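One chain, chain A, appears in both complexes that follow, with chain B as partner in the first and chain C in the second.
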Partner chain A sequence: MIDWTTQVVVVTVSLLGAAAGAAGTFVLLRRRALLGDVMSHAALPGVALAFIVGTGIGMGRSLPALAIGAAATALAGAWSVSWIRRQTRLRDDAAMAIVLGCFYGLGVALLGIVQSMPQGQQAGLTHLLLGHVASMTRVDLWSVLLGATVVLLFVVALFKEWRLLCFDEAFTRSIGRPATRLDALLMATLGVVIVVGMQAAGLLVVVALLITPAAAARACTVRAGWMVAIAAAIGAASGAGGALLSSSAPDLPAGALCVLVACAAFGIALCVGPAEGVLWRGLRRWRLEARVRREHLLRAMWELSAPSAGPARDRQALLARTPVSVASLLQRRTWSGPRLQALIRREVRMGNMRWGGAHDRVSLTPPGAAEARSVERIHRLWEEYLTRRADIAPSHVDRDADVIEHVLGPELVAQLERDLDRRGGGALA
Partner chain B sequence: MPLIHDTPATLPGAEHAADAAICIHDLTVAYDGRPVLWDIDLDFPRGSICGIVGPNGAGKSTLLKAILGQVATTSGRVLVHGASFDAQRRLVAYVPQRESVDWEFPVRAVDVVAMGAYPRIGWFRGVSRAVIEEARSVLDRVGLADLAMRQIGRLSGGQQQRVFLARALMQRAQVYLLDEPLASVDASTEQVILGVLGELRHEGRTIIAVHHDLATAAQSFDWCVLLNLRVIASGPTATTLTEANVARTYGGRLTILSEAAEALRQAASRGSA
Partner chain C sequence: MPLRVFTPEIDGWIVVVGALAGAACSIPGTWLLVRGRLMAGDAVTHAVLPGIAGAFIAFQSRDPLLMLAGAAISGIACLLLAVVLERALRVDRGAALGVAFSAFFAIGLVLIVQGADRVDLDPSCVLYGALELAPIDSVSFGLFAPGGPIISIPRAVPTLLVALAACAIASWVLFKELRLGAFDPGFAAAIGARPLLIDLLLAALVAMVSVAAFESVGSILVVALLAALPAAARMLSSRVGTMLLLGPGLAIAASVAGHFVAVAVPPLFSDRLGDTSSAGTMALMSGLIFLACALLGPERGIVLRVARQRQLQERIAREELLALLWRSQERGLAVEVQDIRRHFVTMAVGRRASGRAVRSLSQRDWVTSSNDRLALTTSGEREAARVIRSHRLWESYLAEQASIRPDHVHATASRLEHVTGDDLAAQLATETNATLDPHGQQIPRE
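Take a look at the complex of A and B:
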C-alpha cells in the first residue's frame, strides 16, 4: 500500500506535470522551447535574493516572498531576451544563452551567500536546483494545486487565441487581437509553472516537464487541441510515474525519475507516434521506394518489349508475347541483379509478368502490359506538365502518379494528352 | 476621382475620402532612418481589383502593413471607408505571404479558415460547429472541400495559398489586402484565386493585391499602382500600366539618363536648325 506521503507527492507532481505539459505546448508552438530554461534559471537569483532580504528584515524563509522573488527575476529574464533581440543584431538563441548564463551565475553566487548565512543551512534552497520531490510538504501541494489550476484555466480560456498567436502573429494583430498582451500572458503562465514547480520539485523537473511532453505529443497528433491534452496527460503520467518509481527505489531521486519517464515517453512517441512517428515515416518512404522501383521495371519492360510502330492496341496484344532478356533489363537502370530478380519474381507472382525459357527472359502478360502502359502514360503526362510549367516550384506539385487527374484537373490532363498525341505519334493513346 | 495628389491643393475632402475604399495621405515609413515609403498619396476606388506593382524592395508589402497599422509610420494617415483603420478593422481582411507562417503547425485546413471568424466569435468561446461548417463551405468555394481535414503542411503550396484566401473570405470583409497571392502558385490555383477575386469585386468589394509579375498584371487588375519608394503612377490599368511608367518604376535611374540624352539631342537639333 502506498503511504500518505507518497500519495501527496504523486498527486502534486502529476498536477505539476499536467500544467507544465499544457503550458509548454504553447511555448513549443511559439518556437521558444529554450525560454523555459532561461526563465527557470533566471528565477534562482530571485529566490536567493528574497531569502537574503527576508532574513535581513526578520521575516525568515517566507514562501510568498520567495515566490514573488522567483517570478520577478524569471520575468526579468524573459524580458531581457526580447530586449536583446529587439535592440541588437543577435538572434534568439544567442540572447537566450547570454541571459541564462548571467542569471544562473548570479543565482549561484547569491546561493553561496545564503549558504554562508547562519540560517542558510536549513533554508533548503539548494533543493531548488535538483529538487526534493520525496520530501514534499503539504504547503507545496497547495501551492502546486493553486498554480496548476490557474494555468489550466488560462490554457482552456485562451486556447483559441494562443493557438492563433503561435500560428500567425501578423494575422492576430490584423484582426485586432492584442498579440503583445497575449504573449505576455503566455509568459506569465509559464512563470507560474516555473515558480510553483521549482519550489515543489526543483528546476530540473520543471524544465524537463515543460517541453518534453509537448514534443512527445506533437508526434502523436496534427491538431493543437489534442496536443495540449496529450502533453498534459504525458506530463501528469511522468510526474506520477517518477514519484511512484522512487517510492519503491528510495535511493533514486524522484525528480530525476520523473524526467527519465518523460524522456522515455518522448522516445516512444518519436518512434511510434501516429502523426510523426519515425516508424510510420520510414514505412511510407519504404512503400514509395518500392512503388518507384516497380514502376521503373514496368516502364523498362514497356520500352524494351515494344516495336516502335503500330497502333497501341495491337502493340499491347503483341507485347504479351515479346520476351525481353533479363540482361538487357539489368543495363536499363541502376539496379543490382538480385534486386531485379526479386522485382521480377514479385510481378510474376502478381500475374503481370511471366518467365520465358531458363528464367533468362521475361515478358509482360496482358494485364501487366495494360498496367505498364498506364504507368508510362502517367509518367509522360507529368513530364509534359513539368516541362511546360517549369516556373512551378517542385514542392507545388504533388507528384503522386495515381492521382494526376485529382491534382491537375481532368481538362488539363485531356489537353496534355492531346499535346502528347500530336508530338508522340500515338505511341500511348 | 483624382488618381494622385501631387500637391496639397488636391487634398481629399472628407466626403471624398469616404468614397474611396482606402485613402492614404502623406504617408512616410522609415526603417532605421532610411525611408521605405515616401510621401505616399493614394486612393483605392471601391469595387475594383487593384494591383500594387513594383520591383523588389519597392515597399509594396510595407504599404500593406502600413494600411494595417503594423509598421510605425513617420507621418501620414490611412482611412478605410472614410475612417481610421482601428475603427474599421472588421471591414478589412488580410492575406499574408505564404512564407510568413510555419506550415508544420498542428492545425487542419478547416481550423485555419475558421480563424477568419474569430472577431465574430469573441473571447473565451470555442469554435462552434456552425463556424466549422461555414469554413468547410468556404473551402469548397476555393476548390478544397475534400482537403478540409488535412494538416496544412500536407497541402501543396498553391493549396496553402487557397487556404489563406478562404480564411480572408471567412472574415466577410469589404476590403481584401493580399500580399503576393499569385507568387509561384500552380495554374489551377491561379484560376481559382482570380475567379474568387472577380466574384468579390462583382459583389462591390475592393481587392488590393501586391503583385510581382508585370506580364500578368494587365489582365489581372483593373486598377494599378506603380510603386518604387514613391508612387510612380496610379489609375485605371489601361492608362497607368504604360511602358513609360513601367520603365520609370523599374529602371528609375536609367530613365533619367535617357531623358537627359533625349533633351540634349533635342537641344542639339534645335541648335543646328
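Take a look at the complex of A and C:
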C-alpha cells in the first residue's frame, strides 16, 4: 500500500507533468523548445529578489511573493530573448544562451546575498534547482493543482489560436488575430508551469517535462490536438512513474527519475511512434522499395517478352504465353541473382507468373500480364509528360520516369492521361 | 560601512582566475556563436555532470585529468546524441538538445546521490562554483617545487591557462576550417572539410573549458561567458579573427567589474551583508557588457541606428514641407502653419514632427514667416526645386519607361524623391528627356 506522502507526490508531479506536456507542445511547435529552459533559469533572480525584499519588509519567506518574483523575471527573460533577436542580428540560440547565462548569474549573485543574510540559511532556495520531490508538502499540491488547472484551461480555450500561431504566424496576423498577444499568453502559461513546477519539483524536472513529453508526442502524431493530449498523458505518466519508482528506491532522487522515465517514453515513442517513429518510417520505406522492385520486374518482363509493336491488348494476350529466360532478366537491371529469384518466387506465389522449363524460364500469367501492362503504361505516360511538358530531352526521360512512376498515385496518373489525351497522346502502351 | 580593503593576494587572484575563465570560454564561444549553436554550449555544460561524477566514483580520485576525460566523454556523447536525434531521427534541434542534456543531467544527479557516501561532490558546488575560494585552493595543490622556494598560485590558474592555450592553438591551427564550416557548411562538406568532425572538436573544446572553469565559475555560468562575451565582440566587429581577439579583453573587463560589484554592492544595502558570489556578478557584468556593446556598437549599434533613422525622418519631413510650399506657391496659394499641420497629419506624421520641420527650415533660412504664413526664400526655393524636380522626373520615368499608369505614379515617386541624389536625377533627366510631368506640370530645371 502506498503511503499518504507518496500519494500526494504522485498526484502533484503527474498534474505538473500534464500541464508541462500540454504547454510544452506549443512551444516545441513554435520551434522554441529551449525557451522553457531559458525561462526557468531566468526565474532564479526573481525568487532570490522576492526573498530579499520580503525579508526586508518583514514578510519573511512568503510563497506568493516568491512565485510573483519568479514569474516576473522568467517573463522578463522571455522578453529579453525576443528583444535581442529583434534589435541585433544575433540568432535565436545566441539570444537564449545570453539571457540564460546572465539572468542565472544575477540569480546566483542574489542567492549569495541571501546566504549571507541571517535568515538566509534556512530559506531552502537551492532546492529550486535540483528539486526536492520527495519532501513535497500539501501547499505544493495545492499550488500545482491551481497552476495546472489554469494552464489546462488556457490550452483548451486558446487551442485553435495557438495552433494557428504555431503553424503560420504571418497568416495569423493577416486574418487579424492578435499574434503578439497570443504569443505573450503562451509565454505567461509557460511562466505558470515553471513557477509552480520549480517550487514543487525543481528546475531540472520542469525543463525536462516541458521538452521531453512534447518531443515524444511529436513522434506519435501529426495532429496538433492529439499531440497536446499525448504530451499531457506522457508528462503525467512520467511524473507518476518517477515518483512511484523513487518511493520503492528511496535513495534515488525522485526528480531525476521523473526525467529518466520521460526520456524512456521519448525513446519508445521515437521507435514505435506512428508518425515519425523509426519503426514505421522504416516499414514504409521497406514497402515502397518492395513495390519498386516488383514493378521493375514486371516491366522487365513486359519489355523482354514482346518487343514488337502492335495493339497493347494483343500483346498482353501474347505475353501471357511467351516465356522469358531468367538469365536475360538478370541483365536488364542491376539486381543480384538471388534477389531476382526471390522476386520471381514471390510473384509465382501470388499467381502473377509461372515457371517454365527447368526453372530457368518464366512467363506471365494473364493477371500478371494485365498488371505489367498497367505498370508499363504509367512509365510511358511519364516519359511522354516529361518530354512534352517538362522539356526534358528524350534520352533522359527513361531514367527520370523510372524514379517518379512508383511514387505518384492513381489520381495523378488519371490526370496525366487526360492531359496527354487532350494534346493528342497517340498510341501509348 | 567603508568598503573593505582589496588585497592583491586574494582579490587579485580572484580577478585573474575570472579573467582566465572568461578568456578560455570566449574562444569556443565565438565559434559556437558563428555556427549558430550556442545552446549546444548550454547542453554540454549540463552534460559534463555524469562524466565528472562517473570519474569520481570509478577512480575515487579528484585527479583533474580524470575529471577532464570523464567530462569530455559525457559532453561529447550528449552532443552526439543530440546530433543523431536531429539529423537521423528528425527531432527539432532545440528539443533534441533539451532531451539529451536533461537526460544526461538526471543521470549525473543519480550518480552523485548514489556515490554520495564515497565522494564529496556537492552538486550545487558544480552548479554555482566558488570564485572566492579559488585563491585558498592553492596550498593543497601547491604545484611547483617540493623543497625549493614555494610559489603558491591558485590551482585554477594553471588549469585555465592550459585550457586557454588549447583553445587558442586549436583556433589558430584550424581557423580556416572552423570559419568555413561556420559560414557555408554545405561547401565545407563538399570540399571534404568534415563539418561533423569540426563540430565534435568544438564540443570537446567546450567540454574542456567548462570542466576547467566549473570549479571556479560554476558550470552554468560558463554558459554566460560562452555566450555573452563573444556576442558582445560580435556587436563590435563582424570579423571572426577580431572577435576572437576581443573576447579575452572583454573577459578581463567583466572579471574586474564583476568582482568589484560583488564586493562593493551588498554593503550598500546592509552592513551585515558580506560579499556575494563573484562568479554570479561576473556573469551579470558580461551580460551588461553585451548590452552596452549592442547599444553603443559601431555600424549596427542600436543607438546609432535609431539616431540615423531619426535623421532620415527629419530630412524627409523637411523635404515634404519644402515640396508642399513649392506646390502652393506654384498655384499662387498662401500657406499657413495650420495647413502644414493638417498636411502632416494626413501623411501620418505627428504634430511635433511638423513643428520641428518648420523650425529647422527657418533655422536654415529656407523659409520666412510673417503672420503665421510661410514663404520660401531664394535658397529655400532652390532646395524645394530639387525635391520637386526629382519627384516629377520619377513620375515621368515611371509613366514612360516602366509603363505605370499616370494616375498611379505619384505615390511611388513620393517615396523615391527622398532617396534620389543629383547624379540619379541627372540620369533620369537624360532617360526621360521630358520637360513636363505626366500631369502636365513643369519639371523645374537645376
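Annotations for the structure displayed:
Definition applied: the second predicted complex is superposed on the first by the 358 of 429 C-alpha atoms of A that agree within 3 Å, B and C clash if a C-alpha of one lies under 4 Å from a C-alpha of the other, contacts with A are read in each partner's own complex, and residues count from 1 in each chain.
The working rule: a residue touches a chain if its C-beta (ideal position, glycine included) is under 8 Å from a C-beta of that chain, and two chains touch if they have at least 3 such contacts.
Just so it is clear, the model here is predicted, and its values are computed rather than measured.
In the superposition on chain A, A:R31 makes contact with both chain B and chain C.
Once the two complexes are laid over each other on the shared chain, residue contacts for A:R284 go to neither chain B nor chain C. In the superposition on chain A, A:T88 makes contact with chain C only, while chain B stays out of contact range.
Judged by the touch definition given at the top, the superposed model places A:H41 against chain C, while chain B stays out of reach. Once chain A of one complex is fitted onto chain A of the other, the partner contacts of A:L100 are limited to chain C, with no touch recorded for chain B. Of the two partner chains, chain C is the only one touched by A:L110; chain B is not. Once the two complexes are overlaid on the shared chain, A:R218 sits against chain B and chain C alike. Legend: residue contacts after superposition of the two complexes on their common chain; A:H359 is shown touching neither chain B nor chain C. Put chain B and chain C next to each other and count what each touches on chain A; the higher total goes to C. Residues 31, 218 of chain A are contacted both by chain B in one complex and by chain C in the other. For chain A in complex with chain C, the touching residues are 28, 31-34, 36-37, 41, 84, 87-91, 93-94, 96-98, 100-113, 116-118, 126, 129-130, 204, 207-208, 210-212, 214-215, 218-219, 251-253, 255-257, 259-260, 263, 266, 270, 276, 278. Residues of chain A that touch chain B in their complex: 29, 31, 157-161, 163-164, 166-168, 170-171, 173-177, 218, 221-224, 227, 275, 389, 391-393, 395-398, 407-409, 412.
By the touch criterion stated above, chain B contacts chain A in their complex at residues 65, 68, 70, 86, 89, 92, 94, 96, 100-102, 105-108, 111-112, 115, 118-119, 121, 123-127, 151, 156-158, 167, 171, 184-188. Chain contact summary for the complex, chain C toward chain A: residues 33, 36-42, 85, 89-99, 102-103, 105-107, 109-110, 113-114, 123-124, 127-128, 218, 220-228, 231, 234-235, 261-262, 266, 272-277, 279-284, 286-288, 290, 294, 300, 302.
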